[in-house]
Amino acid sequence: MDKLMTLWTGSGLFNIEIGQAIMIVVCLGLLYLAIRKGFEPLLLVPIGFGGILANIPEAGLALSAAENAIHVAKPEVLAALAGALDVAYQVGQAITPDVLGAFKSAYHTGSSAEVAMANNLASDFGYGNGMLHNFYLVIIGSTVGPLLIFMGVGAMTDFGPLLANPKTLLLGAAAQFGIFGTVLGAALLDWMGILDFTILEAAAIGIIGGADGPTSIYVSSVLAPHLLGAIAVSAYAYMALVPLIQPPIMKALTTKKERAIKMSQLRPVSKREKIVFPLVVLIAVVLFLPDAAPLLGMFCFGNLMRECGVVERLSDTAQNALINIVTIFLGLSVGSKLMAEKFLDGQTLGILALGIVAFGVGTAAGVLMAKLMNKFTKDPINPLIGSAGVSAVPMAARVSNKVGLEANPQNFLLMHAMGPNVAGVIGSAVAAGVMIKLLS
Amino acid sequence: MDKLMTLWTGSGLFNIEIGQAIMIVVCLGLLYLAIRKGFEPLLLVPIGFGGILANIPEAGLALSAAENAIHVAKPEVLAALAGALDVAYQVGQAITPDVLGAFKSAYHTGSSAEVAMANNLASDFGYGNGMLHNFYLVIIGSTVGPLLIFMGVGAMTDFGPLLANPKTLLLGAAAQFGIFGTVLGAALLDWMGILDFTILEAAAIGIIGGADGPTSIYVSSVLAPHLLGAIAVSAYAYMALVPLIQPPIMKALTTKKERAIKMSQLRPVSKREKIVFPLVVLIAVVLFLPDAAPLLGMFCFGNLMRECGVVERLSDTAQNALINIVTIFLGLSVGSKLMAEKFLDGQTLGILALGIVAFGVGTAAGVLMAKLMNKFTKDPINPLIGSAGVSAVPMAARVSNKVGLEANPQNFLLMHAMGPNVAGVIGSAVAAGVMIKLLS
Amino acid sequence: MDKLMTLWTGSGLFNIEIGQAIMIVVCLGLLYLAIRKGFEPLLLVPIGFGGILANIPEAGLALSAAENAIHVAKPEVLAALAGALDVAYQVGQAITPDVLGAFKSAYHTGSSAEVAMANNLASDFGYGNGMLHNFYLVIIGSTVGPLLIFMGVGAMTDFGPLLANPKTLLLGAAAQFGIFGTVLGAALLDWMGILDFTILEAAAIGIIGGADGPTSIYVSSVLAPHLLGAIAVSAYAYMALVPLIQPPIMKALTTKKERAIKMSQLRPVSKREKIVFPLVVLIAVVLFLPDAAPLLGMFCFGNLMRECGVVERLSDTAQNALINIVTIFLGLSVGSKLMAEKFLDGQTLGILALGIVAFGVGTAAGVLMAKLMNKFTKDPINPLIGSAGVSAVPMAARVSNKVGLEANPQNFLLMHAMGPNVAGVIGSAVAAGVMIKLLS
Amino acid sequence: MNELMTQAVDLMIAGMGFVFAFLIVLVLATMIMSKLLNRFTAPEPATPARASRAKPKAQSSVDPDTAEAIKQAVAQFRLRHKK
Amino acid sequence: MNELMTQAVDLMIAGMGFVFAFLIVLVLATMIMSKLLNRFTAPEPATPARASRAKPKAQSSVDPDTAEAIKQAVAQFRLRHKK
Amino acid sequence: MNELMTQAVDLMIAGMGFVFAFLIVLVLATMIMSKLLNRFTAPEPATPARASRAKPKAQSSVDPDTAEAIKQAVAQFRLRHKK
């Protein structure tokens, strides 16, 4: 009976908090969107599932050993932790929520040495890091996960269309206005007293406008890890919604005649150009923005493996086994940041609202830039390919193509839009580097 | 000459202990069983090989840096370690086996901080963790290895037969009697003074009755890591012996007429049911047994990736590259626990004896449960499928089919037995959760 | 403006040192050799790219958190580090190159505990380990990378030709003279006052003569990590140059008649012999050289997986996904040791000069040993297969075949040369074990 | 009975009790789920689901053109075979 | 405007300025690279490069003999189909 | 000779001596193993072992039905081709 009681008082039904229940429903919703609606399933299935795991009451899968020990709150364990974390607590003292709050905040603001000591002590008392917490530390905490995804994406990217028409790089630059405009939007919300953000948080939210999953995760893990869950979910969800978000904006900013512009066929690009291009990008990074080196370095490395033609084995692995393995862990790790107490917050709503603004602004900036360029170049540019500059590869390029076909059924823009599309990836990695350089 | 002397005094031939020689022969025997007799080769080849590596004299592949330093026993190193581990030792003092024993026991009972400090000191003197020790820490110590295997198994599991006839879940419940019956058996051996066990050890031994490799490794790594080697070897060996262990018990408990019962054909199961089922299991875990969350969570995650149909890439990787990589390291890590001093022990014989009892009891309980259910349901259940409830996927289901065919050559039980077979996996993961909750 | 200034003063163009520029050019040269000339591209592409990344000014990708903090040299951070590393420094004191040198040398000579504390402090101030530094720690620092490559190589190796003619193992022994001869060469350079080497450095350089990539990386990571970059580059470059280095030596030491010797056809080798052989090697390691256990153990494990025929899945993964993943990280990690301050050094020139000597001496020793053996055996041995004993699998065996065909167009030596070729892998792993045993 | 025996008996009762309780709940939940799904959603062919999952493998190593050619060849063959 | 607004505006100016500067440099560098490569190196067929990379997959799962047989069958079929 | 030279000479003598000793032992052990295995075990065809290992790949991407159909097509084709 005693033991059955232990099982009952340790059950989820006995312990579940309303926030956890809500988050589980939210995560089931994410799974529904991913599986039935095809919303970026490769990431949202693991993220949604990880979010459910992170909200299982009492399981503590997303908590560190010390956090688990604080949650259980045995007096003798707290007494030991009090020493390590420099919290005023003595055995016998009542364990109020305030006391536990003091422990938690001491843990989160503690130095590396204090945190390590607290976790060591907790593990001596039999508490361990939750599985998702370990995944997060190894995959995102070390920044290796997003970088390896970026390497794999590089190995899957064909820069041919971009090399055939390098001017389209500028469309990828303009669309980054979505990033910085959103930072401004977040600052505005703060100024108007609606929400509170720091500049670090505002910048991390802005990166949603980069429309690039690994870049978003990388930047928010560096600048504002506590917002990572909301930012990643927002980024992937809006990337899936690009076919709904972009067309109205694209149509509003262009005339039917502009949308019907036929672009001249792309010149063939030699293998040599494709091999040398990632090295050119790398050298530009070396000379001008060392802080973009991790992201763009791995991206260029993946692309060089793809194009050089002598390391097929490695390129295949980077595009398949390795990126798949990392994606599984990355998704679960992002899911670990969907814990109720971190996610159910006004900031999350703000992030969701700002995210769609980010996509809209980026789209508009890309289209307007294309129109501007059209005034200076002789080869006409269809402004619809400007919207592909936000990245969201390859969805945004397909949207350009589709809207173009509506205006002129003979007008195939897909390959032309792939240029700004991959340029957008480079552009947002550069923006990420700038923000990390200036803020961290 | 001096150097040749160093080589000779450092050679295996000069240093080998009888226990190590015995263990190497035992491991060669495991390799023989795996390679020639087909005993679960995917695990037993790496385990057997790892066992040989762990017993190479002087190589210390399965020891930590500090353990290696204690083994070499240089006075100045011991003096440094004495401070970290709080052992009474001074340079100049004779280094007797007792002294070394004191160091070893201080190391094994030391706090995380002491252990870390001892290993740091040892590494400053040039000692390092053995390769297998590192594999063990990363793969089993962190519990990630068994969980990833479980994810892969989930991605390989078809719950169709179970969904067509959910009642067979109860057969998977009954067969877990093998687990708890064995705990009782271990307690009995202790009571009779034949062997000494703690309740943690008894529970870890009981899990052999779960007939499921990763669950056995997970539970014993949590409850009784020092028995992990014997428990894993026992579990895999008896899983391979299921075709010999089960049929006599099945035949003894059933009449020929019962064995000839034909079951009605399974209804088709829709894709939707298969997608939702892992989520139903997950929610049940959330509500009732958070301590089973790591095991069943990863299992359900693997199954959801398989069934949802939108993350083929990830499902393929979970079933192939990832599970294979983890299997290699998991096997070698288990092998690291086959060191002579830990394995050559009366407890190991007890574990081997209790392991076969566990399989027998589980088999019997499953068959009897099926006979009991037959009294209450209108659709007849062939009691032979009850034995498949022990798991040992898919061997036990094949055994059910084979024994059924012997009684009635038209009686194909394979698909019907797959239901209880996968139910047994869920059942033993639940049992594992209960034991971890109540004991750790 | 302020922010643009920050970007400019943080740019590579503003900060680049001449050494870094030279190293980037050198690494571009390595990439050229790998991609256009086919110089061992699987390793040299990642190494070359990693080398560029390591030399990006201000990015600090190959530095630890503490090294990055020392490079930035904020007074308050240095003050904190001064305590941890026991350096005489006070806030306000001028930060001269000498002071920074003192910090760096204190960091490199500090105990594990001091290093850990310094890195903890640096991370509290917002500095982190560079990506390549993390790769190096995990893949090479733990020695796991080279060992897994060796496992994969074992899984790709067919010992059939060696088993058909086991005497050729002796050719693999003789060719190791290249290793020890080079150690002598390094000692000679030191004696003549041309360069300074310690015995550890000399031994690590000697291993280039093993003509085996993972062995070279493993040994130099243990004996002289600061030379790892130059040694690995030298080893892979000369392995690619084997078709140029070996033929003149082979021709100089043999008569045309000797080169035309036809060898009797190899006997068929049974599957059983192939299964048992890796275990025989392993037992020999157990008995005679435990220090070769990591390298040869993993090699034999890979080969057993290949030959036993019951773990296809694992063997496939070891040969493909796993070895490819490890190769990517291993290459980048080696690249991290191509930092200007460590690479641009007289020692590197010495290493490159000694490396070619190593290959030459090994080739000559193998050929001469074959001529010697010819005096004692009745089955004639073509001395050209002796040169394959240096390893450089399978290039050296192909060279033997090619030179043989020049002397006698009917004389196919490829399979005969595969015996000494794989024997050379075993031989250099044994030599590695001896050097580690005697020196570390 | 010593203490270990008591603990083992307790563990068995609690354990088997809980395992059965959990799996009975799961049986019921599964049945309800199947009923709901089959009632409230449009019928869907059951088997193709599996088949379709097996086929579009990520790395099909036969390129589409060849595959089509083969299919035509096979169809042609079958047509003849029938005759 | 509060301090955060100022910071955000500053960040936007510096950020967009730098992004454009970087990508303009990249446009120029790419154009120069293409020109140099296409002038100083022998012409090379552009498309085969990609095609040849795609085909010789590491793990072709159809063994060469079968593949050849299939190709012959397909060729034969096409020949007949034409007639 | 300075100390490093002495050490290097020592290392060479010990190293080459040991390498040769080890590999001579290995030659003998291998010969004994081959003799024992070939004497005490039933003869076994040597080559099929390798061939059989290469074929049953884990991830055959052509599904069995298609494969069978192809094989039949190919056989049929060969039959005709012979005529």
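In this document, chain identifiers A, B, C, D, E and F correspond to the written order of the chains, with residue numbering beginning at 1 in each.
The rule we apply is simple: contacts are C-beta pairs under 8 Å (C-beta built on N, C-alpha and C of every residue); 3 or more make two chains touch, one makes a residue touch a chain.
Because the structure is predicted, anything quoted here is derived from the model rather than measured.
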Subject >> B-D compared against C-E, more contacting pairs >> reply: B-D
Original post:
Counting shared numbers against all numbers at the contact of subunit B and subunit C, is it over half, same, or under half, different?
Top reply: different
Original post:
Which whole number of Å gives the spacing of the CA centres of subunit D and subunit F?
Top reply: 39
Subject >> CA centroid of subunit B to CA centroid of subunit F, Å >> reply: 32
Subject >> Chain centre separation in whole Å, for subunit B relative to subunit A (CA means) >> reply: 37
**OP:** Find the geometric centre of each of subunit B and subunit E from their Cα atoms only, then give the gap between the two centres in Å, rounded to an integer.
**Re:** 47
Subject >> For subunit C, residues that touch 2 or more chains besides their own >> reply: 3, 6-7, 283, 288-289, 309, 313, 316, 320-321, 434, 438
Original post:
What are the residue numbers in subunit E that touch two or more other chains?
Top reply: 11, 14, 18, 57-59, 61-62, 70, 73
**OP:** Within their complex, state which residues of subunit C touch subunit A.
**Re:** 3, 6-7, 10-13, 15-16, 24, 28, 31, 34-35, 38, 41-42, 45-46, 49, 52-53, 55-59, 61, 117, 120-121, 123-124, 126, 128, 131, 134, 320-321, 324-325, 327-328, 332
Original post:
Residues of subunit D touching subunit A in their complex?
Top reply: 10-11, 13-14, 17-18, 58-59
Original post:
Residues of subunit D touching subunit B in their complex?
Top reply: 1-2, 4-5, 7-9, 11-12, 14-16, 18-27, 29-31, 33-34, 37-38, 41, 44, 46-47, 49-50, 52-53, 56-58
Subject >> In the complex with subunit D, residue positions of subunit A that touch it >> reply: 2-4, 7, 320
**OP:** Using the touch definition up top, name the residues of subunit B that touch subunit A in the complex.
**Re:** 111-113, 116, 142-144, 147, 275, 279, 282-283, 285-291, 293-294, 297-298, 300-301, 304-305, 308-311, 313-314, 316-318, 321-322, 434, 437-438, 440
